[in-house]
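Shown below is the structure under consideration.
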């Protein structure tokens, strides 16, 4: 099972909808597949130009390590040099904070990840999770 | 003037629609802003995982150099080492072939670029241009 | 709206003038556009050779994140591994301290950033802000 | 002897003036010191956002190799793999075409280089040389 483009569209549309409902800052949302490759992305008007890279970094770390953003943050706070070393092997492409949310299928297999950025890390994660669940999938923040 | 997220969505939707109408291979479409930063992207189901990077490279070179994909290809064929060197200064992020289409406003100012990949370069460019014009903008292939 | 070359020249001239008036060390001043691309730069005689990269890093982080240098520094002090990870996704090009000053238009939209380096970070920011305001624009330090 | 900021300003001002007199496309002009470090830069309104990198690459190769752009181009055409290898050791930062102009002092010592981009390589070199000579220095195109 994979995140289809149809699923990715729903995730992005609903994550952005949640951002508007909560009156968050302009959000950027990326959906990656099970290999960590970009499926779809949208950046709201008014978001800073570099937001693709931040959203991507959150989701990419989640897929590549099989660890959601919250778990990565806990590890970074407990053992900073480990996450720095992880970033070394992944070319600096990992942003280890909430807003990187794993997507799992019914069997619990990771089929992708969503990265949201623009507001606080916790709000970013709320928007991502809302989108994932709206697509009928299970998210791990 | 800038490519809004609304415009970007139209461009992607219509470029993919054109791909289906022409029975092209699965397409991937990226829209970049005037600074070469990602606004929106979609990869159709069945497209290879690396297609974001190809689509991005076509559009990125177009924005950064102010040259559409066809002009970049002509330069690459006439003076290959020049385009290789250009790729050096841009971190290897430039794909100098058709399918990287400049988007201009009414005054002719470049406000972004669209990158399409998946079929032949010429078909990619046709799909990109169709999307751009459907959004009421002018494209240069 | 964009920072024109004329604006950029005024910003640099006046920032350097402020540096001389306050008897600061030799300054270097860069002006970036809304996409984080270099518009203009000057390095005063006597400044160290690497000052372009420092000035650029201050302004680049400000544009790409939509956060001025002071806000970046606060985040770096609160959550150092986050700003380190941010630097990873931006190729190590972000210097998160004061002296990276956002430039906004009348509607509050970020239209570029100025990076100043050579003296203390706080004095660098004062010089940058002076230049921005002399050009009739609003700065956020 | 070194290229002072005053000299660099004259070089840029006069190179741009020449571009306007010859009705060239919008130009970008960088001045590097004898160590290959940026002294000053200006990008005219309407130039593509990536022009700093191209101008820099022309001037950087000239300083680092002690070879002007024309000589680099001749070498690239005669022995392409050599200039490709050169780009390897210099991190891809060399653009080996005219428009990278060496600046020499009275004794013939290289004290910097000017990089111009925006029009044809030959016109870029003409504008650079005009600026260098207007500053009372000798250029080698």
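Order as written gives the chain letters A, B, C and D; numbering starts at 1 within each chain.
Rule of thumb we're sticking to: contacts are C-beta pairs under 8 Å (C-beta built on N, C-alpha and C of every residue); 3 or more make two chains touch, one makes a residue touch a chain.
This structure is a prediction, so every number in the text was calculated from the model and none was measured.
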*By label order, what chains touch chain A and chain D together?*
B, C
_Suppose you list every residue number at the chain C-chain D interface; are over half of them used by both chains (same) or under half (different)?_
same
*Indicate the whole-number Å distance between the mean C-alpha point of chain B and the mean C-alpha point of chain C.*
31
*Averaged-CA centre spacing for the pair chain D and chain C, given as whole angstrom*: 25
*Rounded Å distance, chain A centre to chain C centre (Cα mean)*: 30
*Contacts with 2+ other chains: residues of chain A*: 49-50
*asked:* By the document's touch definition, which label belongs to this structure's chain graph: line, ring, star, complete, or other?
replied: other
_By the document's touch rule, what are all the touching chain pairs in this structure?_
A-B, A-C, B-C, B-D, C-D
*chain A-facing residues of chain B, complex*: 2, 4-5, 8-9, 33, 35, 37-45, 49-50, 52
_Looking at the complex, which residues from chain C come into contact with chain B?_
33-37, 91
*In their complex, what parts of chain B are in touch with chain D?*
34-36, 63-67, 79-82, 84-92, 109-110
*Which positions of chain D touch chain B when the two form their complex?*
46-50, 53-54, 56-57, 76-77, 80, 83-84, 87, 91-97
